[in-house]
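Shared chain: subunit A. Partners: subunit B in the first complex, subunit C in the second.
Presenting the complex of A and B:
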């Protein structure tokens, strides 16, 4: 099978779109209510965590050129690598199910209250599944278009809502000390860290040397845009109002005007829905290809169908309507587990690989 | 083979979508709500009124001979807002579309009882307009919503346009729902809402409404009213507007109307002898709009006199307004608490517990610097009579 290749700038847009759309759907509810005006620090720390993971992934990817995350985990750790690889795959799966759940829950609560959640998950799974079957090249090309649209509308939205802002809402800085902001970093940190799918994409990128630079640019740009969105929702509505809502950015888009147009939330949602489509299809591709590599099957396509059923059912998972469980999961268990996997496992893997290469060099 | 077939199965399943969407709303069943009114009736029950827009076709589209009411008004009682709206839906037989609501009108009686349980609907309801303007009405709301006459057919549209107009901003004190809702919860910056008051004219049936005065809230309860002149001070202090008109009339000057521009104002918390003080510093440019007095601005004396008179008058009004708010109404509708919160978050933590009662002890000092600018069409800004030499 011909290996599909993407360029570095396409990779840039995949990461950028993933970060913005994941932040749009999952971070605001936890971050704004808890950290309020200091959230820029949390976002910056989240970006730093992600860049750290990216450096590890890049070094590992260069060490084991042409291998994906799942493949070199096996090369580094041997038999135990199979288990670690499985954990990575399960993590991808869990992220996707969570992202899909948040996405369909949000849409059914705001945009189309009477539509069952399954409709959103089915339509998204079909689209993302088709993209995943077509391979990473198709996804990458789409991400260029969507990434550009996200950038453009964000800039226009920011400039056109300048009359609404009241900068004094950002004061006082660090009202309750630095601690809440630092603790808050786990939310963006854990969601951005999904970019360990970079480990799955690396073998597909044409020019290996520029990857790290592109990744850092994408993370910095994506975080800046989303930090602006979050801060805008605070300076327009005030921290009290913004802290009450599940998704303040959505409310922001309902309050502000876009040039002469009022009520532009549908436009904003459209953009971020297409952004989610890129994220979900990239993850979909990563998880199916990872599974294929893990089990040694030739093609990733059968797995698209297998996992599709899980994704379609993701809004139906048990406890998904018990807000107590959901809150515990989103604000505690998910960040904890994903930070352990993204930060802890990757560091461990990297150190192991360095030691192993040193040992093999000294022995030879 | 299986995968090939499943592809077709997916495509075929798309045909299910042909039967229609879940959340579709047909235009012919949809009515735009232009204003919502909340009040209590004589039995103490919540009374919700809605003003519905009845769209008429433009003349060019063949709507010339139409005889349709432009608006319709429905009222119902209920335990909650949603409960009453359910009744209204049955009366109007339409689905109500709240996303274009222009005005939320609150009856004075309800506001004095407190809005505690009513506002939950506006926080929760996904289909509503956070940009609608909030007003308090002294008249009965169903009457206001059905009988008030404006140049436009739908009165609420005219009210919204009034609030959006920059020249009326200083005195209208307009507040939108997204600003109003959080302020009901904050003691550091409480709500002040413009009033909608009937101009007394008993002969005609149509009601002429005036947007004036400002209803001051303490927490969720209305506690009193401010005049439009005081409302202007509030909108300067809250930095809603940097424009305004100010009239000075004293012993020395009969009556001079000033137009103020570029108002910069800052409230500063200061501790003096352990006592919290509020220092207001204001900087503005003033031009003379009209004068009943002959003023010769080429003389420095006149300019100086005008400046001191004007700044004394403004500072007196500021102090009077703030004391009225703080001592009579015990409500911080200018956001001084927020100013402390932003400047000294630590000392705010000790103050915020009983902020409403601490307001009475705050002293206000204001310092105002004014620059009088020549304007208008006259030389020397002065009219000289021809025969006077």
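Presenting the complex of A and C:
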């Protein structure tokens, strides 16, 4: 089978779409409530964490050209790499299940309150599974269209809500010092870090040299668009009100008008649903391909079906109805674990690889 | 050589007759030729040959031209003498076995068998009755050439060739069909068509194994990419100027004998939404019309389902005044919205099918029945609400703007699929449907060209050309 290849600009759109949609669904409530008007600093720090991980991934990817994260972990660490690879895979799986859980939970509460959460997870798993079977090329092509739509909608929404802006809500900066903003960076940082899947995508990209630049552009653009969204919801509604809503961006679109249509929030939601479709499909593809590489099976397709069952059941996980547990997981355990894996493991892997190549060079 | 055994003339004649099973349209004219009065037979199949050519080029020179001629014991054998000296047809060749004769005979050639000499002479007297060239019924234009393809391969190729008079124009002919032996021709411009594409198409055509090819769709279905998909990945047209434009673009056309529909590859979604007339109209007008067509594509697919989805699940999206007028006209209608939309759409599809099959004189009756009974009476009787009628009518108009018949058919089927999803899950269902459709389309290819190009993957120059009808004066002269 021919190896599927995507272009650098397609990669750009995948990352951009992933960042915006993940931020839309998972970050706002935690961030606005805790950091308020200084959230831009948190977002910027989050982006910097992500770019740091991206640099590591890029250097590793160049060092072991043509290999994915799972494969070069093994080449670097040998036997132990198998274990680390498994941890990465489990992390991917955990991210996907969490993303799917947040997604179906959010939709069942906002879009269609009477529909069971399982319906959303089933429909999304079917779509994303189809996409994972079709391969990264199809996902990448679709991401170009969806990314463009997200950008366009954002511009329309920003311009149409200009009349509602009250800039005094942004003042004063650093009301409670810098600390909350820096602590808040853990939320966007942990979710942006999902771009660790870049490690899985790298061998599929045609021109290797432009990847880092594209990745940085995508992260910067995605972060700024989402920061604008969050700031907009603060300047339109005020930090207190915005902090109370579960998803202020969603409410923001309810306030603004577009032509004769008054309540366009469903449209906005649909657009971000398409964003998460791209994200979830890419993750799905990364997980299945990673598993195939880890176990050395020929095709990733059988794994699509295996994991499909897990993803469908993700809204049914234990404790998912206990809001205390969920909150604890989303705002403490998940960011902690993902930062350890993305930041810690990657740094460790990178240093090890550098040392290893130095040693082998000096010995030869 | 399939059979090296040399037949005598009589054997060959009997073999021919028995191979064709004494078929009654096999005609024979026996005569005596030359000064020596050698018996000879002229064999042809009625209806495939032009009688005029047969008489003027074969029979009359054979009989009256050879009376003073000694055929035997000359420096050349009699067959060669006849070929080069007597027969005035434009194409003559020597054949030895009946295996060689039969294919020629059934394609309109005439076989001359001369007693006591080896083999036979085959003379091209092909003269099929064909329709005259007139305006294609499937696509008419306001401005632009009015000639359309006919059922004859050679006429069709000549129609293309007269538009591109260049040495780079290439025609490759091959025969397909175990029983029909249909001739098909690949037409392309040598230095513009991508070599890999041409090779791939040639390979696919050569591997066709089928009994008969009665229309180009037989070929289309066999060679198309993603054969299980609903979407057409092969373009078909009846217009020579369209084909000329296509092969100038570096694509490949496939002309099939016996049908006016010519295929073209590769073909993307946006090729199917363009028309040749775009190029004959002023560029702002053409761009505008093209946008209407793109909108028509989405309206056909999504309008009924969006109507059902919004009314059932998200009525708050509709402005209050509009919502109240829709609801007041739905007052007293006994069916749910989905049922209304579904029934009306199916009735419309029925009307459409009925009006195609009807003779033209009865066609007007259909439209009266459709408009009066379904439009007026159903609404007045309070069975169907008028917004649904408006939605269905809007969808119908939009579906007529899609220039490709096959694409419009696909979209019309998918519309029902979307309608069901919308009734189950509202707008979320529609977006789920669009994901499935999108991933399907994004993964499709037509001979190596992604189906959604030039937008996904994005190519700036070509995307501009797809969105706008770029005026000629801004384009470079050569590619």
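The definition used in the following text is that the second predicted complex is superposed on the first by the 362 of 364 C-alpha atoms of A that agree within 3 Å, B and C clash if a C-alpha of one lies under 4 Å from a C-alpha of the other, contacts with A are read in each partner's own complex, and residues count from 1 in each chain.
Methods note: a contact is a pair of C-beta atoms (placed from the backbone, for glycine too) under 8 Å apart; a residue touches a chain by one contact, two chains touch by 3 or more.
All values reported here derive from a predicted model rather than from experimental measurement.
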In the superposition, subunit B vs subunit C on subunit A residues touched:
C
Who does A:116 touch here: subunit B (first), subunit C (second), both, or neither?
first
Does the superposition put A:301 against subunit B (first), subunit C (second), both, or neither?
first
Output check: A:10 vs subunit B and subunit C. Expected answer is one of first, second, both, neither. What do you get?
second
First (subunit B), second (subunit C), both or neither touched by A:135:
second
So in the superposed three-chain picture, is A:244 touching just subunit B, just subunit C, both, or none of them (first/second/both/neither)?
first
Between subunit B (first) and subunit C (second), which, if any, makes contact with A:172: first, second, both or neither?
first
By the touch definition at the top of the document, which applies to A:263: first (subunit B), second (subunit C), both, or neither?
both
Shared subunit A surface residues [contacts with subunit B and with subunit C]
111-112, 115, 119, 126, 262-263
Quick one: which bits of subunit A touch subunit C in the complex? Just the residue numbers, please.
7, 9-10, 107, 111-112, 115, 119-120, 123-124, 126-127, 130-131, 134-135, 137-142, 144-145, 260-264, 266-267, 270, 273-274, 277, 281
What part of subunit B is in contact with subunit A in the complex they form?
3, 6, 10, 21-23, 99, 123, 126, 129-131, 178-179, 181-182, 185-186, 239, 338, 341-343, 345
With touch defined as at the start, can you tell me which subunit C residues reach subunit A in the complex?
313-314, 316-319, 322, 425-429, 431-432, 434-436, 438-440, 442-443, 450, 452, 455-458
Which of the residues in subunit A come into contact with subunit B in the complex?
109-116, 119, 126, 166, 168, 171-172, 175, 237-238, 240-241, 244, 251, 254-255, 262-263, 301-302, 305
